[in-house]
Structure formats: structure tokens, C-alpha cells
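Listed below are the structures to be examined.
Both complexes below contain subunit A, partnered by subunit B and then by subunit C.
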Partner chain A sequence: MATIRLATLCILSLLWPAGVACAVDLVVVVNPGCSVPRLSRDDVINLYMGRLRKLPDGTPARPIDLLTSTGQEKQLFYQRLLSRDLAEVRAYWARLTFSGQASPPVQADSTEEVLTLVQRNPGGIGYVERSRADARVRVVFELGDK
Partner chain B sequence: MSAVANTRVMLAALCVVCATAAPADEAADRTWRLAGFGTLGGTWADADGIEYRRDVMQAPTGVEGGAGAANVDTRLGVQLNYQIGSDWEAVVQALSRYRHDASWRPELSWGFLRYAPDSALTVRGGRLGLDVYPLADSTNIGYSYLPVRPAPDYYGGIPMQSLDGVDLSYLWPLGADALKFKAYAGLAVGKAVADAQGTVFDLSDSPLWGAYLEYQGDPWTARLGYTQIRVAHEFPFPGVFDVLRNAGIPGGPALADRLSVEDKRFGYIAGALGYQRGALQAQLAGSYFHSHSDSLPPYTAGFALLGYRLGTITPYLLLSAARSPDSKPESGLPPWPILAPLEGAVGKMFESNLNNLQTVALGARWDLANHLALKVQAERIHGSHSIVLWFNDNAPPDGFKMTVFSAVVDFVF
Partner chain C sequence: MLGLVRRNLGLRTTAIILLVGGAVGGAFALAALPFVLVQEREAMQRQSVALIDAVEGTVSTACFVDDRVLAKQALDGLIKNPYIRRADIRVGNTTIAEVGGPPSGADLLTRAVHSPFSESETICEIRVEPSEALIREVAYERAWRVAALMGGQMLAVVLAALMAVSVFVTRPIRLISNSLHRIEGKEGGEIPTPRGHEEDELGRLVRDTNALIAGFSGLIRTERSLREQRELDEQRLRLIFENAETGLFTLTADGRLQSWNPACVRVLGGPHSPHESPTLAELLPPLAAALDALRARCIERQRSVSEDFVLTEESGLQRWIQIVLTPAGGGALQGLANDISDRKRAEEAAQELAITDSLTGAMNRLGLNRRLANMLAEHTRDPARGFALAMIDLDWFKQINDTHGHDAGDHVLRVVAQRLERAVRRTDTVARPGGDEFVLLLDGVSDGDAATAILNKVREAVLAPITLDGGAEVAVGASIGVAITCAATSAPDELMRRADAAMYGAKKEGRNAVRLYAE
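Up next is the complex of A and B:
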């Protein structure tokens, strides 16, 4: 009986996406010196899918991503923005990268590094939990907590 | 240094690069980026006398009659991107795979300079990937697509993957979607296996051009494109052409002209539709190969792919088919017994490039870790002719059925 339970648990763990969405309030942030007041959802999608290489004010964009190992923010960001699983996003970028069409966003080790990179780059753009957005960045889009 | 030693040195160098490359997820904010991709896998097939291949650029694989091999899908690629200022980038990609000469000698698959002055315009020059693969610009990045391999019935007949030339693309954002136009021109880079003795049909130096229009939307994507090539070299059977042209056989020179491919134009039109929403993804594609030579007859091909993600596992169904016209051309040679061997050789040229087969494949992809996917696939193929499958002398004369099992691990780093 215990073996059957264990096998069932194993199968469910394979079929269930890693991590479950919870109330993490995500916002998209840019460098405080950026003249763009707000970004639309379309802008954020195009910037993170490699279709836009510049911000609406013409500044070369530097999208910054989080490493998967840093927590659930990355999964929630792509789920809310694109309704896509991280494996699908990685497959998308593998296709673009190895076709020489575009390079994926820079990967940051932590939310702290996202904030530092956005502060350093005039065209920096990242996503963080709302409570972590401080004076080093400015919020231009809200993904919400659902 | 011998070719074998050369290959070993190159493969060892690739392995060293792989070992030292930073994982793609850990790329720092820097001007260069080293990344790679690969597939390790095995394939088994049951049919006697018919060897399974992935495309016409592979030598016979030995995958037949219950035997398996790792050469069908296994490959390793390494790519270096170097950013030069904000508008320029240099890209070099080396690829090792099972080739037309049965070696794994690494090749330069890409090597170009890219100029992208704004978000819309991109111009590239150098060695470029041939962008005729709808929904996948390269068939070598196993991690980027769902099945074990892109449908050979559809993709396998294209005997080249690169061109030396230029391409220009322009992207129009349409809200969160985009419309992309791309045009390319240059000289083809590609070699296809012509016979069991290792003779090669060389497409090098053949001028080609093409263009496509692509809609990148959510949930729909679509592409329609056309590529034309003027073949620079004749089929590598000089004996046959020499006899037909110079032996005084009635109808011989006319037949040689019909069989010739040199300086003739061939066209490839392809359209594809993709859908991805939530866990569901689907693709539908069709193509038509247009020919002016009886030895490379026209054919139509298509595939349909349906997948549904259940957590980290995505089962899928892949249907594909390719078909040439039913009628086999008449040689027009006189029915003289002395010409029987020549008639046989000409008949083989007619038949070896015909397509008439269907494939049903069932499989699953398991994204078992970041940048690592395991895939298993079972397929059933039946038909009478294929330009991709390799028919040995003991192949069944009238039609065939074969079952193929594959298991691969795809990775990027």
C-alpha cells in the first residue's frame, strides 16, 4: 500500500508544475533616469521576448532576468505575462539564441542584483516584488499578485 | 594530421569548451557569451534493408533490421557571440554531427556579423543558417522543439543548412505581436549522399535566394516563404551522362538534358501555422518542392503536431507525409537489350528521389531539469519511396513498413 502511495506521489510530482502561484506582487522597474513614464503590457512582452531592443524613448534596452534557482518570481513573471511555463520560455530562447537572432536577457543571481543592474544601466529593465522596489528604480508596469 | 586524428582533436576541443562554458542562465552582463547545445540519443528500427536517417545529409546509419545506433540525432554545437558596440555583433557556431562522409568532423555552421541599428532592422553577412524551417530556424537545436526530431518526411529532403551570403530582416510590432519580413541571398553550403560508395552531390557555390513573411502572435504564429536555388554542379554520375550524350543512342542526349540538374532552378514554397495557448501547442505545415529535372521530381510534404503539457511532461502526436507525382517518367531510350544496364541506372535515378510515405509518431518530452529534456518516441512509417530513408539492395521492392523507436536527451548550456 505504501509503495502504491509513493508511486502515486511520484507521478503527481511529475505532472504538477514546480511551485504554485501565490500572492507575490510583481512590478516591472526601470532606471530612475529613464524618461519613459509607463510601459504597456505589450512593451514588456516585446522587450522580454527579444522583439524590441530599445525602450520607447530610444534608449537601448537591457532586460534583466532572474535565475530560476532564486525563487518563484521568474516562474510567476512569465506565467502572468505570457501564460507560459519556464521550460517553454527556455525552448523559445534556445531557438532564437542558436539562430543568431537575439540574445536572452541578462541573468541576475538575486533581486538585489536586479536592482543594482537596473540602477547601473540607463536602459535597464527588471522585475521584482513590489516591496523590494526602492529608490534605485522606478516602477513602470504592475503585473499584480494573481 | 590525418582526418581521424583531426576529428578527435576537434571533438576534444569542443568537449573542453563545453566543460568551461558558463551555463546559459548564469551569463553575466558582458560583451561576449559562450553557449552550446546538444543531443545524445539512440534510434532503433525494425525494417530489413532500409536504414533510418534524419536527413539526406547523413551517410547510411546502420539503423535497420533491429539494430540501433546513436548517430541519427546525436550532435553537439558551441556558439560564441561577441557584442561590438551597441549595433554590431559577431557570431560563430561550430557543430559536430554525423555527416555525409560518415564522420563527425565539426563544421562552421554559422559565422557572421550582425548589424542591428534599431529594433526593426537587422542585416547579417557571412555564413548564415538557411531559414526555410517554419517555426524553427535550425533543425539542430533539439531542446527548442517538442518531438525527438523535426519530421524527416518534411524537413529531411533539404540537402543544406547554411549559405554564405547576406540576409535582411525587418520587424513591425503589432501590439504584443509582430510581423517579420526576411530576405536572404548567397551561395549554398551543403552535401547530400548520392550512393552507397560515398559519392556526394555537392550543392556548394549554388546561388540561392529566398524570402518569407512571418506573423509572431499569441496564440497564433504563421509563416509563408519561398526559396529558389540554381544548382551549380551536375549529379555525380558522370558515366551515365557521358554515355547518354556521346554514345550515339537515340534519345540519349534528350534524356541527359531531362536528368541534368546543373544550371537548373529548383524552388521550395512552405507555409506553416502554429498555435500555443496554455498547455496546448499545435503546428501545421505544408511545402511544395518545384523542379525542372526528372531526376529530382517535385513533391509535396506536410506535417501536423499536437502536444499537451501535463506539468513537466508533454505527450505529443506527430503526423507527416511526403508525396511525389504518381507517374514515373519514361526514359525514351530504345528497348535494346544492350541498353538494359543503362536503363536500370536511369530508372534508379528516377526512383531514388521519389517520395511516397506517411509517418505516425507518438512521443513525450520530459523537462526533467533546467536546460535538460528527455524525449522518447515511437513511430510507424509506411510507403513505397523516400528520399530520406536509405534503401539497400535487399530492400523490399514494393512498399515497406517500419517501426522506429528513439530516446534522446537534449540540452543547452
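Up next is the complex of A and C:
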């Protein structure tokens, strides 16, 4: 099912003016000062979906999301991480914000802002296209380009 | 009420339907209860599962981020369902949310909740306790509703049965019964078939009954005419019985008179009241022994027996009655009683006539022979009882006959006979076998001298002069020969021959003498 949906997306992205959507290779990055060498997929899920508030080393986590309007990275991120579309993710957060016990990640306007926020926050976590991951951040998990 | 049920077919039918239907319905309702309970429990389970399905996503999210408020909210939604008494959510062994009272220990419905993002990771468990009380309540209500429905149906069936029985059974039966009552005791008559029942069982019953009535009517008619005929016959027989000149009677097994006719009373002299039932012996005490013997003989031989009895009445008159007894079965006897005195007297007269000499009134030859035979038979039985036979021949009788005529001769014979009767005892016999010959039988005289003495007196009596009608006097002598019974004279002829011989001896010796026969 997921494969078909992915294939559909790929076909759709071919029609996209940018023309490079399928090739988007996303990685999860953290503050370079962070002592955590790597994060697992579950770690990433737990951090982004509000289960874990701290990084494995004890630093309070600060996951950073992208605005939907910034492009297809956000959609691809949740698709590859959770096999969920954005509507489902929104519904998830709506449920939790209703009780007021948890809040969704901060949303950045662009990838640049993501990088900046991760650099500034010791517990910052973000996701960017691999090519954009520079010295300001450190890659701890690769979602791959598929 | 019970009496009404016993009297009314319709009510009885409905009572049975109510009883059986009620019992079966009740049993069904009771038997259905467990099934209803199971059904309710399953329905509850399905509903609970659906409810859990509805809240599972929320619970999954709540557990994922350990949001107890959200978990509690989800359970609050769940507990609103009245089927659910209690619910909780556990992560491992820790309860993170809980609604309803403390656990009651009833069976729990559990659901393992997975992580919203990983099907393989179980993050918590929802436990739901159904409300057994509600399930029961609902089940009972449903069972009760089923019972009520069945009761209503039963009521409809009962009403229908009551109506059907009343219209199709009770009413026609009552009509038939009323018709039957109207024709009861009367000859003929017919029951009308209730309308609409011509073809069914009631119609058949009516037809059969009518056939039966017709049959009985015929029987009654026949019976009645037979009875009338029998009454006539009986009357006729009774007339015969009552008016018969012969006494008719029946005897019970113990010899008592059971029924008798008036002639019977005349002949036997009783009984005088229909309430008596004497025996024959009691009616005729002098004949008691003979009558008992006759009855015994009849019973022993089992055929008719008869005997003539003589009764001497107070007036000294003799009366003869003849009794005939015939077995009538079972020890009972039937009998005839006739007064045969007249016949007996006529017989005696005839007998008398047959053995009497019409001229002299003495015994004739036939009588003499009979008497002689009897006396000889008696003598043979008892040789001590002897007698003497005297043969008398009148002397000079022929001359009187010739001189004075036959009438004078007859007169002489009559006078001689009277003198002989007077000269001997009443028990002796005077006979005139023929002509001028007489014979005397002197009973008990077996001595020659005694006989000779008696006969000399007789001879003298005869010798006395006889006055004829014309005034002339004549006399006859008597030549008498005597024979005495002895061992040699067992035959009458022998005795007669001896007397004859002695008589001739007297004649030869000059007549008018008595001679004893000597060997």
C-alpha cells in the first residue's frame, strides 16, 4: 500500500515543475554539541510525536517541524517516518492539543530556519534535505530518498 | 368454578388449553432465559467491542504520549454506555486511567492497544467490565416480553377454542339433547340434525341415534303386542287353572304348597289363606305318612306317580281322593288332586253288581269264585286261618216251581237267601252260583263239628214254611255238603268238589241233612 502511494507520489512529482521531488533525500539532524551519536527510527518517531521530551543523553528535546507551505519535505518526512499523510498527523496533534498535555513541534518557515534553530538549541532536532546539512548540524538518522 | 368447568365442554377445553399452554409457555420462557442471557451478553460484547474500536485511536495516542487526561476522557466516553460498569487503561501493571467503581471480579473484556505508529508495539491495555446486572435486567425483560406475547396469543387461542367449541359442539349437543328429552318415553320420534352438521360427526351421531330410536320403537311395539298376547294367554290359563274341577298345585322343594287353585282347596280342604303354605301332610294329617312316601317316590323315580287315598270324614262318610305328583325340576313338584269318591262309588256299585245275583241279592258265581280264591290265598299264607265251605241244594224246589210257577220259585229262592244271610255271621259269605244251589263260606270255621252245628241251624231255618203270594204255604229242605280247608284243598275246585260230593251223599241219604266230606 505504502509502495503504491509512494509510486503515485513519484509519478505526481515528475509532473512537478521542480522535477526533482523523488530524489529528495531527507536526514535528521541535531545540534553538533549533542552527545548522542545516532538516533533510531523509533527515537525520531517518539521525539517528533511527543512521546519523548528528552534526548537519550537527557537534554530536553526541541523538535522542529516545517510549515506545510515550504514544500514537499514535510509531507515526505512524515510519509517516510510514519507512513502517514499530513492530515493524519494533524488529526493526531489535534487530539493531543485538546487535552492540553502535549504540543506539536515548533514550525519553521524554511529549511534555513530549521538549520538555524537546531544550531541555537542544544536539544534541537530537525529534518533537512541531505545536501543542505552543513557544519551547523550533525546527521543522526537517515530517512533515505525513498 | 370447578363445577362449571366440569359441566361445560367449552370451559373444560379452554381450561386444558390454558393449563397445557401456560405450562408449555412458562417452560419455554424459562428455557429461553439462558439463551436470551447469552444473546444479550453477546450483543453487549459486540457493542463493547465497537465502543472500544471507537476509542482505541484516542487511547493509543494517549498512551503513546502518556496523556492521562486524554485517556480518562476516552474512558468517560466509554462508561456512558449503560452496558459498561467499569473500565480502565493499564500500561504494564500501572493503571493510568480508570472509570466506574472498584472491580467486581467479573469477566473482563480486554483489548491490547498498539502504538499509533507501530502495529507491532503494544503500549497499553483497555479493560472493560460489562454490567451483569443490566444484562440480566434486559434479558429478564425480554423473556417477560416473550412470555407476555405468548400469553396474549394463548388468550386469543383460548377465546377461539371457547367460541369454536360453543358453536360447533356444545350448542348442537344441547339441541340434540333437548330433542331427545322431548321424545323420551314415547314411541317413535326423531331428532332433527342441527343445521350445518349434516355431514360431520354430529350428523352421523344424530342419524345413528335416529336409527336406534326407530329400532327400539319397533322392538317396543313387538314387545308390547307380545306382552298383550302373553297376558291374554295367561288370563286364559288362569281361567282354566281357577275354574278347573281338578285340584292343581305346585310344591316347593321342601314339600310346601306354593300355588293352588280353588278346586285344590275343595279337594284337599285347604289351604284357606293365600299366605299359608302347608305341606300336603299338614293338610291331610291322617294320610301324612302315605303322602310323604308318595312324594319321596316321585322325587326318587323322577316321573309321575299317583295314588288313591280314602278319607273317612267326621260324618263317617268315606271320601276318595287321587293325588298325582310330577317332577317340575329343581326338586319342585306339580300335582293334581281329584275327588274320586263318585267314581270309586260307581266302581264299587259296578263291582257289586257284577258279583251279585240280581234275584236274591246273594253273591253270584263270579263273586263266589273271587271270594273263594281270596280266602284260599289267605289260607295258604296263614294255614291257621281255615274256613268251611258248605254247598246247599234245596229239596223239593222243582215241585214248587212246577206246581206254583216260576214266580213262586223265585219268591222261595229270595226267602231262602234272606234266611241264609240271617243265619250266618256278617263276615260269612252267602252265594247262589245258580238254580236252587247255594254256597256258604264260613270264615274261621275249620272244625267239622262246629261247622255241622252251624249248618244244622241253617238247615232248620230254611225248612220253616214259606207263604206264597197266593196264601199257600210251602216248605223246602236243604241237603248240605261241607268241606273244611286242609293241606289238600289249596285249589278252589278241589274244595268245591269235596263239598259237592258231601252234598250228594246227603241227598242219597234221604235229603234235608248235613254231611261233612270225609276221605
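One rule holds for everything that comes next: the second predicted complex is superposed on the first by the 125 of 146 C-alpha atoms of A that agree within 3 Å, B and C clash if a C-alpha of one lies under 4 Å from a C-alpha of the other, contacts with A are read in each partner's own complex, and residues count from 1 in each chain.
The definition used in the following text is that a contact is a pair of C-beta atoms (placed from the backbone, for glycine too) under 8 Å apart; a residue touches a chain by one contact, two chains touch by 3 or more.
These figures come from a predicted structure and were not determined experimentally.
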Fit or clash between subunit C and subunit B when superposed on subunit A: clash
Which partner, subunit B or subunit C, touches more subunit A residues: B
Which of subunit B and subunit C A:I45 touches, first, second, both or neither: both
First (subunit B), second (subunit C), both or neither touched by A:V36: neither
Subunit B versus subunit C as contact partner of A:A87, first or second or both or neither: first
Contacts of A:V106 with subunit B and subunit C, given as first, second, both or neither: first
First, second, both or neither for A:F98, with subunit B first and subunit C second: both
Partner chain in contact with A:L117 - subunit B first, subunit C second, else both or neither: first
Against subunit B, colliding segment of subunit C, chosen among 6-14, 24-32 or 42-50: 42-50
Touching both subunit B and subunit C, residues of subunit A: 42, 45, 51, 82, 84, 92, 95, 98-101
For the subunit C and subunit A complex, residues of the former touching the latter: 57-58, 61-62, 64-70, 73, 116-118
Touching residues (chain side subunit A, partner subunit C) in the complex: 42, 45, 49-51, 82, 84, 92, 95-96, 98-102
Subunit A partner contacts - residues on subunit B that touch it in the complex: 24-29, 33, 35, 37, 77, 79, 81, 86, 89, 91, 93, 110, 112, 114, 116, 118-119, 122, 124, 128-129, 131, 136-138, 140-141, 143-145, 171, 173, 175-176, 178, 216, 218, 276-278, 309-313, 366-367, 370-371, 373, 412
Residue ranges of subunit A touching subunit B (in the complex, touch as defined): 14-18, 41-42, 45-46, 51-54, 60, 62, 67-68, 82-88, 90-95, 97-101, 103-104, 106-107, 117, 121
